[in-house]
Amino acid sequence: MFVFLLRRLVQAFVVMIIISVISFAIQNKLGDPVLQHVSMTVAPAERAQIRQDLGLNDNLVVQYWRFAKKAIHGDLGTSYYYKEPVLDVIFKKLPATFELAFCAIVMVAFIAIPCGILAAIKPKNIISRLVVALSTMGISIPIFIVAIFLVYIFSIQLHLAPSFGRGQTTDVFGLWESGLFSKDGLRHLMLPSISLAFALMPIFVRLIRAEMIEVLQSDYIRFAWSKGLNTRRIYFIHALKNTMLPVITVGGIQAGTLVAYTILTESIFQWPGMGFLFMDAVSRVDTPLISAYLIVVGGIFVVTNTVVDLIYGLVNPTVKLANHGL
Amino acid sequence: MFISVLDHLKITPKRLFPSTAVLFIVTLFCCQTASAVTLKMAFDADPVSLDPHEQLSEGTLQFSHMVFDPLVRWKQNGQIEPRLATHWQQITPTTTRFFLRKNVRFQTGNQFTAEDVAYTIRRLKRSADFRAMFDNISSVIVINKHTVDIRSSHTNPLLLNIMTYVFPMDKVFYQGRDQIVKFGNSFASKHASGTGPYIVKEREPGVRMVLTRNKDYWDTKSKGNVDKIILTPIKNDSTRLAALLSGDVDFISPVSPIDIERTKNSKGVQIMTLPTGRILLLHMNEKRRKEFRDVRVRRAINLAINQPLIVEKILKGYAVPAGQLSASKFLGHVKGLQPEHDVSKALELMKQAGYEKGFRISMMAPNNRYMNDDKVAQAIAAMLGRIHITVDLKTLPKAQYFQQYDERAADIMMLGWQSDTEDSNNLYEFIIACQDAESGLGAYNASEYCAPSINTDIKLANRETNPEKRARIMQRIEVKLHDDAAIVPLYWQYNIWAAKNNLHIDRIVNDQNHPFLGDLVIDEK
Amino acid sequence: MRYFKKDIITPAQSSRWSHIWAGFIGDKLATLALAIFVFYCLVAIFAPLLAPYNINNPNFMDLENAEIAPFWISGDSRFLLGTDAQGRDMLSVILYGTRLSLTIGVCAVLIQTALGICIGLISGYLGGRTDNFLMRCADIQLSLSTMMVAIVFLAIFQAMFGMAMYQQLAMLMLILVIGLAEWPLFARTIRASVLAEKQKEYVDAARIMGISPKRIMFKHILPNTLTPVLVIFTVQISNAIVAEAALSFLGLGMPANDPSLGALISVGFSYMFSGSWWICVIPSVTLIILILVMNMLGDGLRDHLNPKTYKD
């Protein structure tokens, strides 16, 4: 267990270093940060001076070294636009993204699991056929189309939900800006979380259905049938438990997808979270912020996967952590 | 800097009992206090900083008009209107005396005096972005508490135009901690004290800014009744429009021309448009391509492009087709110069120049800087195809585009330019003068076209104070550009706003796109 | 029971495939999907012949004809599906766009498959440190998510080739980028099957007979791991097409004058509610049907081949 964690830690570190190198290598391909911060009328000579002062003319290796030295002390730089340490900026936006993802995941869990199970145990049922058909359609419709239609119907036509932003937030213990405790905040959460859930739902419905079918055909379930166990017990205790294992693993891998989808959802709904921050940083050529975002997201991914593997090990003791996935 | 929106009263009970009942009471409470007039607006950008001198941009100037007051400002009809300067007179050819408004206080309570004006202009001369404009102001002399003399190093026909950029800052408040820092933290970028109609209450960069009415605002004649402004930057055109149509915001800008018809048909929403002096043009790089050195080829390109059609189909008529750089309200405008379109004549010219078979060129345009810029560029590429010029078009986001622009990375490049001084000469200086890295002249001259006579005329126009003589000089430049077909002028853009019907935006918008929100009247329903 | 057990099937390969084929044909939905997919492929291949206009003709794009509604609304018989904001015939543009999208999708997935198979085989067969290293690479790749990898690679390519050159190579770049971004999925699946196969007797037998590892990998193990690859293949094509569409939507895809379906949608997007809905809706429907069909095909194959894939 300890060795496993240690290895994971090393791995996370390596991932982050690689990401930081990549993000450094591409940063001057994204545009010129100086041009974004001066008016068009500033003379080229003056702009060159600003660039020099910022150290942007130095060799990339020199720049990376400078960055790395500071990074060791936990300082990933200062955002050009927010004028604050990049990590502070990112962590300030973290709650928004977290709440959005959380709501979407809750929605997925409450809808996808029953639907997936139903589709697996009653494949001939009209509803489960509908579920399967809808899930196939669901993965075929790009999220940006879904989102724009949600806005058109629920905000513009019906005036049921706001079309952008996060609304009123409340401070929880001074640490967390939450939108979950006010009516306004919840209303704002509606459309973005539905469209995010819409993007994830079909993947999970299909996955749960496939796993469940497979599990139901395994020997021990047949044995349970022949033993004459209660149907409900077989489905919900024996089969479901074993279905959820791979679902959890895949869930961990889907974290990457989730990040990509939050970027899209947040930019469409102007949701002030990390994904929106990232797109904004790209358009403003806020290079320190871009690098830091990539590093943080890489970190989050490694952490989720470690947690998933830990859970996997706890639920299923036959998996030896040290051998699994490492 | 993040100041909590919730005042103390609202937050305390919730911390004690985080129950729905309390939430309900709080919501009720919020609804009751919301009777004050609130304006929710969504523009495409927010100010990058609270420091009015950090960046010369539309966002900063819009902000300056809310929190600060200029000495003078443009009226909708193109006249100059006194604000903090009540009147002025020219004492010598190079000195102008400004008489300042009395009994004006800054938001900190400090008295507004001539010292503040002198301080502000000195600070402007330190700002990288504003310096160039204030270069020829040699000194500011405080005569008494409410009088100030502004001296130029030479005669300056545009002094008043420049004074629209002087937003006096509170000297007592800022002094000693007033560095202008572009890429880092500074006092001025997070704190503001001006004389303006609004006070910054809360700011979360890129997300929202909340301003409340300055109770002691000096302009008591202003009918403006907005108590609170919530400004949200929304970059995406359709998201911004959706926010207005769904009733989440009251006032937006800009609106894509494509959506205007639909917006007009929506109930309870009005559209306001004003033509501006922002010119869009193409530069044909003569250094990169020998073909462009031939005036016949340049003229052929000018003839091949059908400006009125572009305006009609892509901008839905919300622009003015241009045959020159200066819009009609500018002094340099020449009446007769209209865009010409004649493909057969263009083909004939190409043949004369020896390019009957045509050639292949590269072209770049931004895709998120000007109204429908990428679509216009695509249409132009197709039009050039008609005269056998094959165009490899690349459209890119503005962040990358202007880097490429500085490197003159393509044979044809698109540029839009709004004159800072509301005067033709500013266009010539940046777009068409021979390049000079030191002075910044010709910084955006991507055609590498260089006519010494134009440079001489620009210098003349900068000092000539007689408007008629000045107009003649600048019109000479315009005619020369046309004769040489040095560039391809495309059109002058419109500014477009949309708002709910109960907002009287028609009285406060102007072609610089700095709505005077202090004077905005909202009818209460 | 549509469920076959592997050991029941006779060893003769041809009869096994024909059996699966028979089952597949029996599945109406899958057959329909296959038919539509074949139709799409034909349309893509013969686009230049089918399109009413040649999109490379300089006269093809005429602003005068901008935003003409489809035939059944406008009655303009020149343009069956109407024209877009630049005055291009929608039908021709969509035909060429489908061709582009499918080419990009199929080629990108071929790259993924090739990379994935090689890495998966090596990783699974050799095991140990090699395996460890390769799977860590896969993890890193996955952690970056396709979109970000694509953004990074596209930026690097642009820097390497310069803007103008890049323009002409855009399609190749997109294929490479999407191809490079999603190989771990194939690699992991292959690796898992290899690990399972490796323990079977026939591999031991081959090894004892002194057959070289390369030969064992490609001749003996690989054929037995191909079923899951086939299933992922179809699903990944749809993913690749969506990825291309999303990249185009973010402005990183094909240039505007040579549009894929995704680029068409992204350009048409601003016209969605302006009244000229067909500019966006028709390419969107084309794209959605294509992806739907690919997914149904994948489902059909999965049902009939029943591979235990590495799920995603």
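A, B and C are the chain letters, set down in written order, and residue numbers restart from 1 in every chain.
Basically, a residue touches a chain if its C-beta (ideal position, glycine included) is under 8 Å from a C-beta of that chain, and two chains touch if they have at least 3 such contacts.
This structure is a prediction, so every number in the text was calculated from the model and none was measured.
Engineer: Measuring from CA centroids, which chain ends up nearest the centre of the complete protein set?
Structural biologist: A
Engineer: From the C-alpha centres, identify the chain that is farthest from chain C.
Structural biologist: When every chain centre is compared against chain C, the largest gap points to B.
Engineer: If you tally contacting C-beta pairs for every chain pair, which pair wins?
Structural biologist: A-B
Engineer: With chain centres taken as the means of their Cα atoms, state the distance from chain A to chain C in Å.
Structural biologist: Going by mean C-alpha positions, chain A sits 24 Å from chain C.
Engineer: Find the geometric centre of each of chain B and chain C from their Cα atoms only, then give the gap between the two centres in Å, rounded to an integer.
Structural biologist: So the centre of chain B lies 45 Å away from the centre of chain C.
Engineer: Using CA atom averages as chain centres, what separation in Å is found between chain A and chain B?
Structural biologist: Centres of chain A and chain B (C-alpha means) sit 38 Å apart.
Engineer: Identify all positions of chain A at which a residue touches two or more other chains, and write them in rising order.
Structural biologist: Only 30, 148, 152 qualify.
Engineer: Scan chain C for residues touching two or more other chains and write them down.
Structural biologist: Only 269, 272-273 qualify.
Engineer: Quick one: which residues in chain B touch 2 or more of the other chains?
Structural biologist: 238, 397
Engineer: Quick one: which bits of chain A touch chain B in the complex? Just the residue numbers, please.
Structural biologist: Interface residues on the chain A side: 30-33, 35-46, 50, 54, 78, 80-84, 92, 148, 151-152, 155-156, 159, 162-165, 168, 170-171, 181-184, 267-270, 272, 277, 280, 282-285.
Engineer: Any idea which chain C residues touch chain B in the complex?
Structural biologist: For chain C paired with chain B, touching residues are 58-64, 66-67, 85-87, 162-164, 166-168, 251, 255-257, 267, 269-275.
Engineer: Which bits of chain B are touching chain A when the two form their complex?
Structural biologist: So the residues of chain B touching chain A come out as 2, 4-6, 11, 14, 18, 23, 26-27, 48-49, 55-57, 128-129, 132-133, 181-186, 189-190, 204-208, 232, 234-236, 238-239, 242-243, 245-248, 368, 397-400, 402-403, 406, 417, 420, 430, 437-440, 443-444.
Engineer: Spell out the residues on chain C that touch chain A in their complex, using ranges where they run on.
Structural biologist: Checking each residue of chain C against chain A gives 3, 132, 135-136, 139-140, 142-148, 152, 155-156, 158-159, 238, 242, 245-246, 249, 265, 269, 272-273, 284, 287-288, 291-292, 295-296, 299, 302, 308, 311-312.
Engineer: Per the contact definition, I'd like the list of chain A residues that touch chain C in the complex.
Structural biologist: Interface residues on chain A, with respect to chain C: 11, 14-15, 18-19, 22-23, 25-26, 29-30, 136-137, 139-142, 144-145, 148, 152, 207, 210-211, 214, 217, 246, 250, 253-254, 256-257, 259-260, 263-264, 294, 297-298, 301-302, 305, 325-326.
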